[in-house]
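Encoded as structure tokens, the structure appears first; notes follow it.
Order of writing sets the labels: A, B, C and D. Residues in every chain begin at 1.
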Amino acid sequence: MPPPTVSQSRKIRVGVLGATGTVGQRFITLLSEHPWFVIEALGASDRSKGKRYKDAVKWKQTIPLVGLGLGGVSVERVSLSDLQGDEGRVANVVVKGCTPDEFKTCQIVFSGLDADVAGNIESAFRSANIALFSNAKNYRRDPNVPLIVPLVNPSHLSIIAQQQRLHSPPLSKGFIVTNANCSTTGYVIPLAALEKAFGPIESVLVTTMQAISGAGYPGVPSLDILGNVVPYISGEEEKIEWETLKILGGITESDSESDSDGTPLKTFDMHQAGGRPPLRVSASCNRVPVVDGHMECVSVRFHQRPPPSPQQVREALGAFTPEIQSLGCPSAPRKAIEVFEEPDRPQPRLDVKGNHNGAGVSVGRVRQCPVLDVKFVVLSDNVSIGAATSSIINAEYAVLKGVVY
Amino acid sequence: MPPPTVSQSRKIRVGVLGATGTVGQRFITLLSEHPWFVIEALGASDRSKGKRYKDAVKWKQTIPLVGLGLGGVSVERVSLSDLQGDEGRVANVVVKGCTPDEFKTCQIVFSGLDADVAGNIESAFRSANIALFSNAKNYRRDPNVPLIVPLVNPSHLSIIAQQQRLHSPPLSKGFIVTNANCSTTGYVIPLAALEKAFGPIESVLVTTMQAISGAGYPGVPSLDILGNVVPYISGEEEKIEWETLKILGGITESDSESDSDGTPLKTFDMHQAGGRPPLRVSASCNRVPVVDGHMECVSVRFHQRPPPSPQQVREALGAFTPEIQSLGCPSAPRKAIEVFEEPDRPQPRLDVKGNHNGAGVSVGRVRQCPVLDVKFVVLSDNVSIGAATSSIINAEYAVLKGVVY
Amino acid sequence: MPPPTVSQSRKIRVGVLGATGTVGQRFITLLSEHPWFVIEALGASDRSKGKRYKDAVKWKQTIPLVGLGLGGVSVERVSLSDLQGDEGRVANVVVKGCTPDEFKTCQIVFSGLDADVAGNIESAFRSANIALFSNAKNYRRDPNVPLIVPLVNPSHLSIIAQQQRLHSPPLSKGFIVTNANCSTTGYVIPLAALEKAFGPIESVLVTTMQAISGAGYPGVPSLDILGNVVPYISGEEEKIEWETLKILGGITESDSESDSDGTPLKTFDMHQAGGRPPLRVSASCNRVPVVDGHMECVSVRFHQRPPPSPQQVREALGAFTPEIQSLGCPSAPRKAIEVFEEPDRPQPRLDVKGNHNGAGVSVGRVRQCPVLDVKFVVLSDNVSIGAATSSIINAEYAVLKGVVY
Amino acid sequence: MPPPTVSQSRKIRVGVLGATGTVGQRFITLLSEHPWFVIEALGASDRSKGKRYKDAVKWKQTIPLVGLGLGGVSVERVSLSDLQGDEGRVANVVVKGCTPDEFKTCQIVFSGLDADVAGNIESAFRSANIALFSNAKNYRRDPNVPLIVPLVNPSHLSIIAQQQRLHSPPLSKGFIVTNANCSTTGYVIPLAALEKAFGPIESVLVTTMQAISGAGYPGVPSLDILGNVVPYISGEEEKIEWETLKILGGITESDSESDSDGTPLKTFDMHQAGGRPPLRVSASCNRVPVVDGHMECVSVRFHQRPPPSPQQVREALGAFTPEIQSLGCPSAPRKAIEVFEEPDRPQPRLDVKGNHNGAGVSVGRVRQCPVLDVKFVVLSDNVSIGAATSSIINAEYAVLKGVVY
């Protein structure tokens, strides 16, 4: 990694909600090596509150908890002795409850909360004027909350001003930003690359083979999935089908509606009435006995006739450079989309971490589709870019854009 | 099972080629309980020739080899003491080489040979005037060889007369009938049911999740598939895409071409020039860590507008009654297509054998497809209906039609 | 199966507690084909009470629920139309609560209850004078409750008279009989065979590799076991270590202690103070990603010097004929111990059901142990002989002995 | 990693035989980041000879091949542009045949050859005066070849002088050093720690659960191991049983025998006639569906009475500091034995890489054994310390001892 540039010389205090859960553990693993963000507070349920993190968590990561620091590492390199000391380690942080009061020194809070509790807690954090980046699904459909896949539509952050303005009372710093469902995130990245190169997509048919880690812990019972495929994940197909529309859609300004001070209201262009032509999405979701890595078989039909050739598609995917890279988000993958030429790659076990520790996605088998135009497979790391990594890059982008301060 | 009717009172001598392989073992397991067919000869490579079957085979079935008889069981019930005797057991049969001479007392020969040797051997058996039902791919594309999924197109057997007539010298009994690739077989059954009910299909997009047993033994290395998905099976997508056309297509009689004695030539209506409107097929094939049972996610677009509703599709699938049932083939499944209502079924581990020990297929999750018309999943037992069971039903049908005698 | 003899012409009404759980489902699958026992009542938690069984259960067996009858099949063969009728099917039985009142027409009740509720419920059933055969662990250590592996120590049923006599008020029909933990059951069968042939064992060291179905449903989270081994199963090693002693030990009559009417008290010879020399047992338990079938690596040291040779051990195991076979229990395996000669067998996936649908066990790799005397592997079907099958054979034995009437 | 000390400022040219195989790929992955060793030559079969490595290998590591350099990294930090250049990458090295001529500029050659070819090739390399560190089994039993587990008995390197002297003609630089079988390596490390602390062990009984990667590629067919346990690995138990004796035994000097120049002959104290009391080892080996990481359940009996308590054993294991650490071998693990306190750890999926990327081993569940004295589980990374890492540390030790120069 190159030495920190000016834009990287930051030290930002962050908190994590749902810190003992699967997503929370992943947030902590990533933050413990983050160049800017420093873990200031961990929140979990009352059962964990008041305990040292190591005593509250059932740690399920392959990286030992004991080795993890609090982040901010490339800015002020902590000495080895400090790192080994009691208080510089995540393991020794005393877990708090999930109330805004306990997080008021945090500039950013990440939420890995389960959906059944995320609604009220996240809302309370926003009302307490805290910038919250959430992996939960609760506010993804909210017309004032952006749903951001950082390699695709970080510019949707622009809706935050309206979210803050319409809040009662209006907020100066607090907001909620959500990232997408893991299976949406993976496949929407190549879709965005294709739309950028070849114009709007007309139809996409996606069949997923999703890893068990996508369901959290304890998640999928082993009797259900060992040597098996389950052709159903509750709510997943619906999420893919509408999240894709919100993410790939634009934001339009109303001609007629405005808020009380006369500012025209902005709307997500979900139904493609305005800017982009309609996009039809059909998803079939399956659970497979894989630990990490969602595989998705994707077929695409473009509006453009004749459609691009497989070779043009391959080149466009490999050349895709999202804004987060040029802007300098430290967690942005060096390559957004790794394109494999081998006929049998990517594969989850071999390749899920290969593209920058799971921050980018991998595409393979780009070829003609006899029914639509082009088909390919995409592999994404559902616990990285599909979850915590996306939240973190969204926060980095917000920092660089001055939305968090 | 009902008592044998007149048409079932038969005792037909059969042989198995490739008897020690994966498909061969499955043939033997099925034949050992068959009401008509009696195992007369087993053929394998020179390495096995002359050995007792039990010493030649590395038995990989969950039913112990030692318990298996020679078939023909419902016709002449062998007494228990006979069954335990040395010579009434498959285990003690002395394996022969794969030459027609050693099989000349067989009325039917089943081939579970690998493709690299099947070409010459199967051709030699046909030339020796032996009726051969093959699971190998070698002759599937032959314009005079029927490619039969017994629940779909057994009537294609009618091409045999031409196959025999064009052979030099013409044959009275010998012929080759092939059954389809396992992944084609599973999904083409519901397609046939849908075409029967709603007329021609215009497009089908299928994504497979295929079991390791489909690749034989040793087959897929465990390092490739344990906790993994491989998004590629060599040649498989091509097979699905063209086999579907041959199976669902008709047989047309030429206006202009005829053979030497003036009989008009019959042709498989592969390209839909004649009878049926074009059908476009797009397949994406994946290997998953499942032992038995191919899952396939299928999306279909009909010619008929408006298309049938999911409920109509569900009913048509459940009501599908192939000719092999009405004709009384003893290995025909009681139900061709089991339709599940539960949202998460069928599943390979629970349901692969559920539909009549794998002789029928299972369909679930019938629902609207936002891109094409209707989508569903189909589960088929790749080692049963997807392989040996199909060959055996084809042979039963040929017996009932008087083609084998 | 031979035609029913006089002793088999019975029709006994039975109930199942915990009918919707994993063990309960297995009880029902077995009872639906039982020659004597007819399902009269199914009990489950309040959540299920009042529902049809098919609506209350999440059926996880590979045999479809819809096909299962109520048992008693070989005695009065129900006609096909009856079998297809609404009320002759397990699927349509209305589930009751687990109270003795609702089971008073049952002559035998099987318990597949979880340990956290089994204690009070089972006790209430006994007090209501009902014969109860339990798979739960709660009463295994009770000094008046036999712990029976039916292929090993059914004669321990003799303690029931004392259990009934000491109950307040004394019972005429009610009692509790337990069967052993699944991992104990599997390996104690060859141990019993060895003690019968060669006298007492001095030491046994057993390392288990246990299937996930042993933990019930939802049981082991897939994230814990997929591609993994967990070297720990809570409480399992202790169970193996003391259950072995109770099962292989005798019952001794006290010289000094007697109950109020002067009958000398019987005691399980747990600590080998009396009859048999001490036996030391060391167990190491592991969970492995296998669906069904516990594998156990066993090393044994005998008291007898010189110890038997591996070949003598092999013969003694193969020749072992437990009393339940000679007595004619219908669910007794035809062969108690199947001994494999192949170096790499038995294996769970191939062999778990091979020995009489899991009612017997399989042993392989009998060879010298350089530290103790002899070592071997044993495979048992943890959901059959390791659970429901044992309870059922115990009940059959009790019927034949006139203890249930 | 701390900055290189004087002893680390080296640049040693190394070669790899069997470079395209599983062990070879692991050698290359490790060497590509090695501070001293620089890859100079790669050898493989004639099929690969002359091709770029990337075209010859079917790369199966989770680290992308394209990123790997040639090693020697901490000594002369290659600039980024060089790293990206064509020739500084392993991927672009042209593969040679396995003949000494093509490796004569190498100071050390590592062999990941299969046993069926390793015998002749390794012997030829030694005769060509090349220092060869082999992972193959062929010379492990040779009375002049050390069998070294680097955390246990690197001092056995002292036999090399005799190996060179007895060679005809005598060698100045060439020799063969072997490392142990993967399953031996893992469990012998805690055994050595225990012998160091508590004196000789009398008996050890070990049951292994071994990962599929131990069998190489293609190795174990998936049909054999998916959802299964195979209780047999050909030759493995014998290897563990005798390799343990050679590794834990001493080297004794003969009183009577000497070579031609009168130097007394040294012998491995395999049979404990001399120095150490007899050690009895009993191994039972199983293959389980785990990708990486051998789990072993070990029971030990000491000569010392009373034996150490579990707590003393735990402390002795945690405190074990092998000579390779104090001497400064760069690939030595920071902690030789990680001792877990959690009841259910270590586990292969979570912990196999945890102890210094698999260079150390992990022990858990230390407790009393009712039959022997103490039992525990040990987890080792069979592809790291169990294979390539051991060879590399052995070579580092040889460099530091001046045996390689």
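We adopt the following convention: a residue touches a chain if its C-beta (ideal position, glycine included) is under 8 Å from a C-beta of that chain, and two chains touch if they have at least 3 such contacts.
Quick caveat, the model's predicted, so the values are computed rather than measured.
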item: Far-end chain from chain B, centres as C-alpha averages; value: D
item: Self-contact between copies chain B and chain C, residue sets same or different by half; value: same
item: Between chain B and chain A, distance of the C-alpha-averaged centres to the nearest whole Å; value: 46
item: Averaged-CA centre spacing for the pair chain C and chain B, given as whole angstrom; value: 41
item: Centre distance in Å when chain B and chain D are each reduced to the mean of their C-alpha atoms; value: 50
item: For chain B, residues contacting two or more additional chains; value: 60, 224, 226-227, 289, 291, 349-350
item: In the complex with chain C, residue positions of chain A that touch it; value: 60, 212-213, 217-227, 289, 291
item: Complex contacts: residues of chain B adjacent to chain A; value: 203-205, 207, 209, 224, 226-232, 234, 241, 280-282, 284, 286, 288-291, 295, 297, 299, 343-350, 364-365, 369-372, 375, 377
item: Chain A - residues contacting chain D, complex; value: 60-64, 226-227, 291, 349-351, 353-354
